Every structure is written in C-alpha cells, then in structure tokens.
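What follows is a set of structures to go through.
Here come two complexes built around chain A, the first alongside chain B, the second alongside chain C.
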Partner chain A sequence: MNAVASLLEYPSSYIEKLGNIHRILPWIMAFVVLLPLPHILETTLNEYYVYLANRICIFIMLCVGLNIVKGFCGQVTVGHVGLYAIGAVTSALISLHLGWSFWISLPLGVFAAGLAGVIVGLPSVRLEGAYLALATLGLGESVRIMIAVTPFFGSSTGLISIPSPAIGGFVFDTYRSYYYLVMTAALIGIYLSFSILRSATGRAFMAVREDTIAAAVHGINVTKYKLLAFVISALYAGAAGGLFAHMPPGYIHHNNFTIIEMVTLLLMVVLGGIGHIWGGVIGAIIVTIIYDQTLEFYFYQPLLFGLSMVLIVLFMPRGIGGMIDRYLVTKRFMAIQEGKSNGAS
Partner chain B sequence: MALLETIGLSKSFGGLRAISNLDVDVEAGSIHGLIGPNGSGKSTFFNLVTGVYQPDPGSKIFFDGLDITKSPSHKIGALGIARTFQLLRLFSEMTVLQNLMVGYHTHVSYGFLKTIFNNSAIAKIDAQTSDEMMELLEFIGLADFASMPASELSGGQRRLLALGRAMAMRPKLLMLDEPAAGLSPVNVDRLMAIVMALKERFGLTVLIVEHILKVVMETCDTVTVLDYGQKIGEGSPSEVKDDHAVIEAYLGQEMDDDEIRAALNA
Partner chain C sequence: MGFDYSSLFAFILFGLTIGVVYGIVALGISLIYSGLDIVHFAHGEIYMFGAFFGLVFSNQWGLPYPVAFVLAMLCAAVLGMIIERVFYRRLTKGGGGYTVAGMGMIICGFGMSIVLMNIAFLIWGAGAEPFHVDLGMPFQIGDITLPKSYALTAVFAVTLMTVLHYFLKRTKIGLAIRAVAANKDIAYLMGINVPLMISLIFGLACGLAAGAGVLIGPMQSVQVEMGYLMLMKAFAAAVVGGFGSLPGAIAGGILVGITENLGAAYISPNHKDIYAFLLLILVLMFKPSGLFGVVARVKA
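Now for the complex of A and B:
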C-alpha cells in the first residue's frame, strides 16, 4: 500500500497544482492524455479493444450515476438498468422514426429517463433497504419486458441500424471516432458529479444516507433530496443509454438491459467503493474488462459476479475507494498525533 | 415572551399516552430544564416539537409566534430550532467539518442548479462557510479533527460534535437531549461551560433534558418536571427540589406496612 501511495504521490500533487490554477485544467489534461488511447489499442492489440473502451466509458457513466443515488444518497435501487433502457430506446426511436439528429434525440432520451427516474424514486419516500430494492427491481424489469413484448420497441429482433451521430460532415460511425464522443461524455459526467457532490447538495445526499431523521431535523428536505438523487442518476443512465444506442453498429436488444446487467453494474459500484466517485470509475473499468475476458464462460458469469459481490461485501465492504480513503485517514490521524507530541515536547 | 409554547400537547402510541395535555412555556433567553423519571415523555416531547412525531389532534405548538404543530422537521429546523439526540445520530461516515456544514444547510444561499452552472461561485461560498464552521470547531475544541470521519472520534468528542452540528444551524432555540450522558464529571463541567459560552455568544434559549440533576440544578432558570407524560411540577430549581410530588415521582410513594403487604399480594 505504501509503495503504491508514494508512486501516486508525485502525479497527484502535480494535478493538484493544475487544479489550483483553474479547476477545469486537470480535466482538460485527462482529456488530452486519453485522446491517443484508441490509436495505442489498435496498434498494440486490435480494434475490438477500442470497442471495449467505448463500453467502459458507457459503464463509467452508468456507475457514476448509480453511485449518486446508491453511494451518496444511500437508496438501494435495482431499477437503474430500466432507466438506461428508456434512454436508449427513446433516443433510438426518435432518430429512427422522426429522423431527428442525435443531438436532439439524445437530450430527449435523457429527459425521458429523468421523468422515469421520478417514478422509480417515488417508492423511496416510503420504503427503505430491501423493500425499496424490490420495488425498483419490479419497475426496472417491467421496462425490459415492455421492450421485449412490444414490436414498436424492438421486441425480440431489437432495434437495428440506429443512425450514427454526426457533426457537420464528420460522422461518428467507427469505434475509434465514437470513442472520442463517449470518452468526452464520461469525463463531463465525472466532472459534473464532482461539482454536484462537493456542494451543499452532495452533503445533503450523504446526510440522508447516514440518518434521515437527523438530516430532517437539520433542515434537509429528505423527500426532495431522495427524488433529486434518483432524477440525477436517471439523467446519467439516460445519457449512457442514448450513447449506447447510437454506438456503431447501432443495435439495441432487450438482452442488453437484463437483471444480470444490473448485477454487473452493482458489482462495479461495490467493488469500486460505495460513495466514492473514482471508485465507481475504477470498478467500471475492472469489471467491464473481466466481463469481457470471461465471455467464453457465459453461463457461469452470473455465478462468478454474484459470488464476488458477496465476498466483496463481506471482506471489503468499502471497496477499493474505501481502502484508499482508509489509508488517507490513517495518515492524517498519524499526522495529528505527531503534531500533538511535537507540540508537547 | 415565550419563545416556545405548547398548549394541550398530547401523543398516544396505541393505548399508551406518552404525553397528555402538556402546557410548557420556554421563555426567550432562559435555560429551561426538563426532568423526570425514565419513560416520563421527555424525549417524546422533543420529537413532537421538532416534527419527528406528529402530535395528537387538539395539540398546539407555537414557536416565535408561529404555529408549527403540523410543520415538517426540515421547516422547523429552518425556523431556528436545533436539537441534539440522546443517541447522537451523527453522520458518522462524513468528516467532522462536513457534519457541521450539513448543520449549516438551511443558510446555504445557492440552489442545486447553480452547482452545475456556476462552479467557482459555489467554491467561494463553500470556502467561506467552511471558514465559519472551522471557527465554531475551534470554539468547541474539535478543530484538529476537522477532516476526520466522525466515527473516529471518542465518546466525549462525539457529544461535542453533536452540539457543534446543532449550533451550525444558527438556531434561536437549542434543545439538548441528555447532552452529558456517559461523560465523566470533569467532562460534564467542560461541556456545560461550552453550552453556557455558546448561549452568551449567540443569545440562545436552551431547553435541556438531563438525568444528572446537578447539571439541571446549577444551570437552569426554570425546571419542568414530567411523570407519565404529565407536568407534575414547575418552577425554579430550588422550588422544584422541595416539591412533594416531584420527590414522590423520583423516590416513590411513602407506604405504610399494610399498603406494602397489599401491593405484594396483588
């Protein structure tokens, strides 16, 4: 742990310096650093890994969104994948049937998911924990079944040849060009989640998670913040869904929105660390890669993921992010103790 | 003028009347004690006033001239009633400073949308808030632990943090539910000194529930005694101390031999 920490110390202090000049600078730097990634992947591995990078970016958006409602606001939702589906299907249908451009259909998909987020969030006003999970599970699964049985939404064939986004003459129709789109979106998503969660809103979310009664007594409108968390996370899910639908080859099927997908998503958040923004990102990267590398054992994947979820919850409840936090807290505590003993001597 | 006034306050849980027909006036600027044996309804009274429980029909609660009987907790908090809990209910996974910042929530001047569109302004306001909160932490003596999670604090420090979090609300009325429970006598004195200092500095009114009678007798201007949800005595500490009904509630009724025999056979 110490070795890893000292390895990270130099770049992190450099990033901090950049952030002090202007808070957007580290994000621009991250953008620049990530730009050549598809080129590197294509030359060292092959194009498939660029596709994987796209998937990772989409899962990062989903994870960051889920972390807001589950990690920060403490509401156990299993309906997130339904919101993802609503974003995807709405955006796909609008561009297929109305012929509107991606830049209009995506926001509309996001909006539809946000509205659905209110509905998924409503049970949270009355229910908690496992009961809330059951209620949201029902809502999320009913979205998938609606898609599976309605020909208009794709039913068993899925929606095909969803048009690719374009700016002027430039069309995002290859994995490589699409990567720039999803990577930018993921970075913006992470950045926004930082600005939301480091404000009074984020503190209110955490207070609701820790103790609803204490939060209410300290002037926080618990219902409002619960619903707000659900809506924000739904917006993320909708955006991720829209981006997924228009990703080449422009094909969505209700199998993309199953409960297995939801478990994978939960595993990402739990592994990365509940309530830890970077944790969600790390979890998304690790789990997507593992998922992809074990595709041969398709039938055993739910077993693998379910089992690892149980093990993580038992032995590493705060995930990777929690371990990092723990390390930092211990370091800080040692510093206080040291300062005290120095002051005394 | 009474800052907090309850008229005919009642609360039943099923068949049990936890509070019945209680009239309490808390004068502005005073320290008001609330004592009584276990289960006499002190904590229920706190929960009713702060909107955690809804009182039975016919009850009235006024704060600063406003009817708050049916207001939800967060509105009551925003009006200027802060409270601590017997079991503290700290936001234990959040840092000490964040706990206080949550307490300050109702005074934060920006809404949710601004957090997305005007980041640097938010950062500035938050920095200012955090400076103010650090000052408060300095005052209660927890400044060194500002960036530690609340769960890392010791028992005494947690009690201080609960007090600080309530004070961060900039309240008019501070309600303390057994603030000194589980503290050593030295720490009890320290805590009460801090409460008194805060009262002077912010011009607070304090309503305090406490089992340590020494604390109540030394600091309170007025004491209300509850038993089985009813008021059995009220007045200055010295008056209450000599009240027959109060002594009976605390020490039990005097019985002669026949009565004891009857009670045992029953």
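Now for the complex of A and C:
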C-alpha cells in the first residue's frame, strides 16, 4: 500500500500544480496520456482490446451520467438502459433513413433521450425511493419491448450498417480511430460532471439528496432540480447510446439493452461507490474487463454479478470510491498530526 | 358488421382472472411495503420460484393440485424468510430513509432478483415448461368457453383473500402485524416481537406470490423470465389501486388485467406488456394516490 502511495505521490502533486495554473490543464494532460493507448493495445495484444477500450469509454459515460441522478441527487433509477437505447435508436434511425451526418443525428439522439429523461423524471416528483425505482424499471423495459416488437425500430434483426461518423475526409470506421472519439467524449463527460458537482446546481442536487424538505425550506425548487438531474443523466445516456450505435460494426439490437446490461451498469456504479465520480469510472473499467474475461462462463455471469452486487451493498456500501476517500482523509489527518507534533517539539 | 359483445365479455372475463392473480402479488408487495418500508425487488422471482415449486410438486411428484398449491406457498414462504434473515435484515437494521444509504436495499433486492432468476435458470433451464393440470372439460357460458383453470383461479384467489383478511383483522398475530406496520417502536414497547413479525410479514407476502405463481401456471407456461414482468404488473396494480389497501391492490390488479387484455385484443397484441405500464404512468400523473384514494405516505 505504501509503495503504491509513494508511487502515486509524484504524479498527484504534479496534477495538482497543473490544476493550479488552469483547471482544464490536467484534463488536457490526461487526453495526451490516453492518446497512444490503442496503439499500445494493438501492438502488445490485438485489435479486440481496442474495441474493449471503446466499450469502457461508453460505459464510463453511462456511469457518470447515472451517478449524477443517483449519487448527487439521490433519486433511484434503474431504467437508465432505456434512455441509452433511445439515444442509440434515434441517432441510428436518423442517419439511416434521413441520411444526415453523425454530427446532426447524435445531438438529435441526445435530445430525444433528454425528452425521455423528462418522462422518466416526472414520476420522481410524486414517487420516492423504491417506487421510483420500479417505475423507472418499467419505463426502461417498456422501451426495450417497444424496440423488440416494432419492425421500424429493428425488432428482431436489429439495425444494421449504421454509417460511421466522419470529419471531412477522415472517417471513424476502425476501432482505433473511433477510440479517439469515445475517449474524448468520455473525458469531456467526466469533466462536465465535475463542473456540475462544483456549481450551484450540483450543490442543489446534494441538498435534495440529503433532505428534500430542508432543501425546499432553503429555497431550492425540488421539482425542478429532480427533473434537471434526470435530464442531465439522460443526456449522458443518449450521448453514450449514439456513440454506441455508430461504433464500427454499426449494429444495434434490442439485446444490447436488456436487464443484464442494467445490472452491469448498476454494478459498476455500486462497485465504484454511489456518488463518487472517479469510483464510477474505476467501476466501469473493472466490470467491463471482468465481463469480457468471464464471457465463456456465460451461464454463471449474471449470477456472479448479482451476487457481487448484493455482497458489495452488504459489506462494502461505499464501494471503491469510499476506500479512496478514506485513504485520502487518513493521509490528510496524518499530515495534520505530524505538523502538530513538529510544531510542539 | 356488428360489434362482437360476447368476445368483449370473454376478454373482460379473462382479464379479470389474470387480474386477480396480479392483485395477489400486488398484495404481497403492499404488505412488505407497509411492514418493512421497502419494496421487495425480488418479489417477481419468488413468484417464479413458487410456480416452479408447484410444477415440481404437481407434475413430478404427482401430488394433487391443491396440495401442491399449499406446499409451494409454504416452501416459498420459507425461502423468503431465509432471504430476509440472511440478506435484508442487515440492511433494514441499518435503517435510514431512501437516501444514498437506503438505496442499498433497492440495489440489494435488484441483485437478489438476478441471483434467484439465474439459480432457477441453472436448475430448470430457460425453456417454457408446460404445467399440466387435468381439470376436465372447460365451462360453457353462453358462447364463451372458459377453461376450468380460470374458474379455479378465481375460487382459489377469493379463498386466499378471505383467509388473509380474516387473519389480518381477526387474529392476534394479525393485529400484531398491523401494529408493526403502523409503528415499529411503539409495537416494541407493547411487547410485540417485532423481528419475528417482520419475518412473518415477509413469509406471508412470499407465500402469496408463490400462490399466484401456482395459479397462473396452468393458464400460461412456467418459465424463468416470468417473474420480472410480473413484478412490474403487480407494482402497477398496487399503485393503480392505491398503496397499502387490500381491496385496492385487488381492484388495481383486476383493472390492470382487463386493460391489458382489452389492449391486446383491440389495439395490438405485440405491445401487451406495455399497457400496464401506460396505465401506471396515467394514474401517477392524474391521480397519484391511486383510484381508491388511500393517501400515499410521503417520506421526505
């Protein structure tokens, strides 16, 4: 543990220094560090792992979005996959049938998901806790059933040959080129989520989470902020869906949006620690890799995931993010103690 | 071309019987909610387990249907109590409303439902199993043919509800359960064994779900994925009828069943599973306290 800590000491202080110059600098740094990743993966392993990296980036976006409504605002939703599906299908249909470019269809898909987010959020005004969870579960599953039974949405065959995005002559049609797109999107997503957390909106979310009545007393429009949280997370989900739909095979099927995906997503957030942004990112990375590595035990996979979810909730309720927080707090405390003892002697 | 009233009547009748079953599951959800302040997410899976228990007892062991019905209810009740004791008790003891800490219960239930579903999948496989119950020729009412299993469902359901009503309203344990649902701290002070009563509530609700599963088995087939949709429909029924009330849950279930059958018959059979949810959203928007006007408890 100590070795790891001292290893992390230098970069973390460096990042802090960068952040002091301008707060966007660490993110640019991260972008630069992550740029050669597909090259490394392709040379050391193979192209499949680049695809895996793309999936991780998409799941990071979903996780970060889910964390906003769940972690910041305290509203339980398990229908997130429905919003993801809406974003994916809308963007795919627009680019398939109208022939518009990715750069128009993606925002439209995001917009559609945002609208759906309002519908998902509406019950939150009336419903609390577990009832809200069930209502959102119903909505998410309804979306999947709609896609599964309506031929226009690509019922049993799915939607095929969705065009790849392009800037001028550069087409994002390989996993490697697509990686730059999703990685950028994921980084922007994480950055924006930190911005929201820092802003007055983020503080209002947290106030609603801690105590709805107290928040209302302090002049926070609870209804508005609950809806806003749902819409923001829906926008994230829509963006992730759009990016998923246009990913090189260009193929989506309603099996991509089942309850198993929802469990995976939920496990990521729970493992990472609810309400902890970096925790969610770490959770997304870990769970996607585990999911991929255990594909051969297909039958037992949901059992494993469900059981680990139950056990994490029981024995590690704050997840990985909680562990990180505790470590940081302990470190700060130790530093203060040391400073005190030095001052005393 | 005249409107076919007899087929309309048949659809309503089928919806009614299915709806009663939804109502029974909704009753269990309502019971757990009022007793433990949680929504049991794995309730649909308990229902599915109940159906499989019934299938095993009735078809493989060759027990008569009513015996299988009661046995399946007992087994599911025990299963529910074990799950509650081992997993949920730790969380409910932690207490807390539905804040981030209380979210654990929902996630735990969700995970548990996946676990149960996959255990059933590993035991019984993914295919739909037919549930044969030889009841004889279907009834003939006018020009509608009503299979006997539907009539049987109605009879069993009404019996179940009467027994439950009597149990809750007339017996001493029922009184204790209602006291625990009203206020746990004061129930403690009155000398009621609250943890035991909570287990009992859980067992009762799980038994009801299993009963519904055994009832619906002969009408449809029994399969692993049946629980998940049932949870949603039963939840819709509970909300439509108004949380908590026994007649409300049943009436909500019947309404959901009829809506679903009429929608499947006259709008589009493919979207059958969505109608219950549409009804739920409509009720939430226009009359959130449910049709029977029982005020939903707001926990800020």
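Of note:
One rule holds in what follows: the second predicted complex is superposed on the first by the 323 of 345 C-alpha atoms of A that agree within 3 Å, B and C clash if a C-alpha of one lies under 4 Å from a C-alpha of the other, contacts with A are read in each partner's own complex, and residues count from 1 in each chain.
The criterion applied here is as follows: contacts are C-beta pairs under 8 Å (C-beta built on N, C-alpha and C of every residue); 3 or more make two chains touch, one makes a residue touch a chain.
All of these numbers come straight from a predicted model, not from anything done at the bench.
Using the contact criterion defined above for the overlaid structures, shared-chain residue A:28 touches neither chain B nor chain C, since it reaches no partner. Applying the stated contact rule after C-alpha superposition, one finds that A:221 touches chain B and leaves chain C untouched. Of the two partner chains, chain B and chain C are each touched by A:211.
Legend: residue contacts after superposition of the two complexes on their common chain; A:306 is shown touching chain C, with no touch to chain B.
In the superposition on chain A, contact is made by A:135 with chain C only, not with chain B. Contacts of A:104 after superposition on the shared chain: neither chain B nor chain C is touched. Of the two partner chains, chain B is the only one that A:192 touches; chain C does not reach it.
In the superposition on chain A, A:160 makes contact with neither chain B nor chain C. Set side by side, chain B and chain C differ in how many residues of chain A they touch, and the one touching more is C. By the touch criterion stated above, A:275 is placed in contact with chain B and with chain C alike. Of the residues of chain A, those at positions 209-211, 213, 275 touch chain B in one of the two structures and chain C in the other.
Residues of chain B that touch chain A in their complex: 50-52, 72-74, 76-78, 82-83, 85, 89-94, 98, 101-103, 105-106, 108, 110, 112, 115-116, 119-120, 122-123, 126, 144-145, 147-149, 152, 165-166, 169. The residues of chain C lying in touch with chain A in their complex are 33, 38-39, 41, 87, 90-91, 97-115, 117-119, 121-122, 228-229, 231-232, 235-236, 239, 270-271, 273-274, 276-277, 280-281, 284-285, 288, 298-300.
On the chain A side of its complex with chain B, the touching residues are 23, 192, 195-196, 198-201, 203-204, 206-207, 209-211, 213-222, 228, 275, 329, 332-333, 336, 339-340. Residue ranges on chain A touching chain C, taken from their complex, read 70-71, 74, 76, 78, 119, 122-123, 126-131, 133-135, 137-139, 141-142, 145-146, 149-150, 209-213, 259, 263, 266-267, 270, 274-275, 299-300, 302-303, 305-310, 313-314, 317.
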